[in-house]
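Shared chain: chain A. Partners: chain B in the first complex, chain C in the second.
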Partner chain A sequence: MANQQPNSGNPRVDIEYRRKKSAEEMKHQVITFAMMIFLTIVAFVAAGYEGFSAWFIVPFILILAVVQVIFQLYYFMHMSHKGHEAPALFLYSGALVGFITIIAFLTVIWW
Partner chain B sequence: MAAEQKMTYETWPASPEKQTLEAKNKFLGFWFFLGGETVLFASLFATYLALKDKVPSSDMALAKDLFEIPLAFMMTMLLLTSSLTSVYAMYHMKNFNFKKMQLWLGITVLLGLGFLGLEIYEFNHYVHEFHHSFTSSAFGSAFYTLVGFHGGHVAFGLLWITTLMIRNSKRGLSLYNAPKFYVASLYWHFIDVVWVFIFTVVYLMGMVG
Partner chain C sequence: MSTLAQKKGFGATLWDYLTTVDHKKIAILYLIAGGFFFLLGGLEAMFIRIQLAVPNNDFVSAGLYNEILTMHGTTMIFLAAMPLIFAFMNAVMPLQIGARDVAFPFLNSLGFWLFFFGGVFLNLSWFLGGAPDAGWTSYASLSIASEGHGIDFYALGLQISGAGTLIGGINFLVTIINMRAPGMTYMRMPMFTWATFVTSALILFAFPALTVGLFLLIFDRMFGSNFFDPAMGGNTIIWEHFFWIFGHPEVYILVLPAFGIFSEIFAIFSRKRLFGYSSMVFATVLIGFLGFMVWAHHMFTTGMGPIANAIFAVATMAIAVPTGIKIFNWLFTMWGGSITFTTPMLWAVAFIPSFVAGGVTGVMLASAAQDYQYHDSYFVVAHFHYVIVGGVVFALFAGAHLYWPKMFGTMLNEFLGKITFVLFFIGFHLTFFIQHFLGLWGMPRRIFTFLPGQGLETANFVSTVGAFFMAAAVIVLLINVVITTVKNEKVGNDPWGDGRTLEWAIPSPPPFYNFKQLPLVRGLDAYWLEKMEGKQGMSPAEPLGDIHMPNNSFIPFVISFGLFVAAFGAMYRADYSWGIPVLIVGMLITLGSMFVRSIKDDHGYHIHKEDLEDNNDKGVKA
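And now, the complex of A and B:
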């Protein structure tokens, strides 16, 4: 991965290697971005389309949102890199508490 | 490696955002903060979902009367693109290219400003055209709290990034300020993460019914 220190003993070669690595990573970021734009457009089209029922659209666009957020976290925020065990623990703990909160608020208004 | 040491293109490390102890602590602490922010926004989402369309009289505007696809789409595109431009800024930071990093951060700020402008227009539109205000209904309170809190985060992020850019404009990159830029960009991505759920849960689900 791009975040590791190379050690060929020749700093010039290492820099070239690192530059190439991060250029490659940047290319992946652009692909990620294109996919996020695509998912966004799909979500907007699905919500605007009269032919689907809300029972299909709502879960569908929620799944698209979750996928987009995973792209954002793992690629744009580099959670796929090494050394992100603690960040992942913090974020998922937050997400778990948040999820329980949402479930609680949604069920408390059921009657 | 000392934080204040003058760096060159050759000596710039692969992970400048995590070289010093202070940087490592900042990185960890910031992610802990983002975990807390997740809980904060989840609570606001929960409140919004529970109070959505709860209005005192039947002639008041509901979610499906208020929201329009083109505006929400424009705002989404602006914020999503600003997320990519801040990735570009961090790419140049890792290559020790201070000028290009500043340029892309500047573009990020402009896109963020565009987003904020549209949001101000939107709120103004709801208040004046639909009499949908913070105090008009439980729905209004929940809506403005959730979306307004996000807008406040955008405004704070813009001030933060702009301050960093101005403060360090004559200093160039060092191991002291690289983590600051990195953490600010993480914050900016997190704002986009929250927006993905806002446009889905508030705008799209609001239009569906």
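And now, the complex of A and C:
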């Protein structure tokens, strides 16, 4: 993984390349971190502002939350890197099952 | 390294099994415990059939009948079928992928002990004021109204054993993803391993729904909440949804491993590659996926409305497609093969028509409008016994005969095996075929007796006669096991002669480290490939080296025991003053032993290369 220290004795490991990768990675993390703080502020503002109805605020905040989860997973937990296919598969399957459950409860039981 | 000792006293053996983390020994534990609960559930089934043999019978009272019926279903699903399936998964799957153990041997043992203590807790209800009596589905309004502690035993016991199942499922997933031998790509994995994989994924996603449902039930019954009480603003239907979101995947959790076992059997005893391997994999995954989209077909009559009913009806019928793919693949595997009708093969061949009959009634039930007629009648009872007995139980019998040599190093007697098969096959159809008609004639499910003169006498009597055939079959199997164990004639690596997958390339039973050197897998049916090229065994993928092994541990037993104690405390909290202290002590035992586990470094040990060298394959002690 690109952010690891070169700890293998293999001479073919390209330290230069790794450095560059890590720097890039770092840049992405800083950017997403700033974005996440910004989104959090937006969420607070949306909730605090009198003029919006609950029908707008709730779905809006939920969307922001989903975006934050994706940032978290891909930029901080490195899900975009190689070798994370199986966790990704199970994560999405789990999310799908959970989502279906909630939709069903909303539509079949309480609608 | 107690496994190296040649002769051991009873105490040492017992201690070895209490502390073992070896997947092969845990498999044997699952087999024994699951087998015991299977006999218990079978006994309950006999009581049910005796009670219903004649009209107006008073063999058991109505209340006791409800308890027996509930415990029969609960025991058979959670404490017999699942653990027995886990026994074969544990025994075979790591060998099939060429691994030395599962990914987390400690957790494997924890999973077993949780299941075991959960099961014991549930069954202690018989001696402590009465068993649960609201059916294995324990629908909320009924289960909350139920007096005594029966339902508490159900909720707490299943919670504990469910945690064990969840742990086991995750363990299998990690094992299959990470521990396949060199060359064992996903598309070279044996079908049983694939079935284990998909089943474990289903466990991972389905069991949390049960856990949540059970917690809500526990809170409602023991801690004064009102999730399911409409009078207090709750909703009783929520339980049904949670239960079936778990419950329908559960039936596939049971039957997919059965499919896996039969896939192995068809290939071995037809001496042919499994027909349409990739479509089999595809169908298994698709069944797993669709299995989550259909739970509400158990609730057509609760008033979900025509739209929801239609959606779930269509989704349910869709499952028949991948199932059909599998059936045809098995038939084509046999087609043109050189078939030998060994005992496992007899079960496999008999499984096809039996299971298809259950699938057909399933599609009938899936049509929501028709289901208003069938629902809660004996027609449903016939349906699920055709799929569960004709699918799962047949597979368990077949698997027991097929894998007995791999697990114990001895062959079950083939002649007695065939007698078991014939008796059971006759008994099964005699018992359950007629129940379709009982249902259509209007006999409701879960009634403790019926009146004379309503045309139900003969069919019920026939059904009871069938049950005695099945009981006789099980007794013959037990005799077979005893005879085989006493004779103790050891067999070689590949006792069936036509083994195709890695487990048949190593001794029976395998040495405790399984593979001296990890095998190199060059294709599907890895061992068969090597045999066809005239080789004796697998070519190794690594030089001989030290093998890292985990140490035995008693901690899993203690963790599970703590929860067992805590469950009693939680249950009797409201009745006795010692309830709370016992709850706390139990949790302390559990958390304390978990703490010990996490601070104590246990790096395991190494088997040294030199010890492996002078220990040729035959002289392996197990």
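Everything that follows uses one rule, which is that the second predicted complex is superposed on the first by the 95 of 111 C-alpha atoms of A that agree within 3 Å, B and C clash if a C-alpha of one lies under 4 Å from a C-alpha of the other, contacts with A are read in each partner's own complex, and residues count from 1 in each chain.
Just so we're on the same page, a residue touches a chain if its C-beta (ideal position, glycine included) is under 8 Å from a C-beta of that chain, and two chains touch if they have at least 3 such contacts.
What you see is a predicted model, and the numbers here were worked out from it, not measured in a lab.
J.: Applying the touch criterion given at the start, work out whether A:S93 contacts chain B, chain C, both or neither, answering first, second, both or neither.
T.: Both partners, chain B and chain C.
J.: Where does A:L73 make contact in the superposed view: on chain B (first), on chain C (second), on both, or on neither?
T.: first
J.: With both complexes overlaid on chain A, does A:V108 touch chain B (first), chain C (second), both or neither?
T.: both
J.: With both structures superposed, pick whichever of chain B and chain C touches the larger number of chain A residues.
T.: Looking at chain A, the partner in contact with more of its residues is B.
J.: Under the stated touch criterion, which partner chain does A:R19 make contact with: chain B (first), chain C (second), both, or neither?
T.: first
J.: Counting contacts the way the document defines them, which residues of chain A are shared by the two interfaces, the one with chain B and the one with chain C?
T.: 86, 90, 93-94, 97, 101, 104-105, 108-109.
J.: Residue numbers of chain A touching chain B in their complex, please.
T.: By the definition above, chain A touches chain B via 2-6, 11-12, 15, 18-19, 22, 25-26, 29-30, 33, 36-37, 40, 43-44, 47-48, 54, 57-58, 61-62, 64-65, 68-69, 72-73, 76-77, 83, 86-87, 90-91, 93-95, 97-99, 101-102, 104-106, 108-109.
J.: List the residues on chain B that touch chain A in their complex, please.
T.: Listed in rising order, the residues of chain B that touch chain A are 9-10, 13-15, 18, 27-28, 31-32, 34-39, 41-43, 45-47, 49-50, 69, 72-73, 76-77, 80, 83-84, 87-88, 91, 94-95, 186, 189-190, 192-193, 196-197, 199-201, 204-205, 207-209.
J.: Give every residue of chain A touching chain C within the complex, in rising order.
T.: Checking each residue of chain A against chain C gives 86, 90, 93-94, 97, 100-101, 104-105, 107-110.
J.: Please name which positions on chain C make contact with chain A in the complex.
T.: For this pair, the touching residues of chain C are 173, 177, 201, 204-205, 209, 235, 237-238, 241, 245, 292-293, 296, 304-305, 308.
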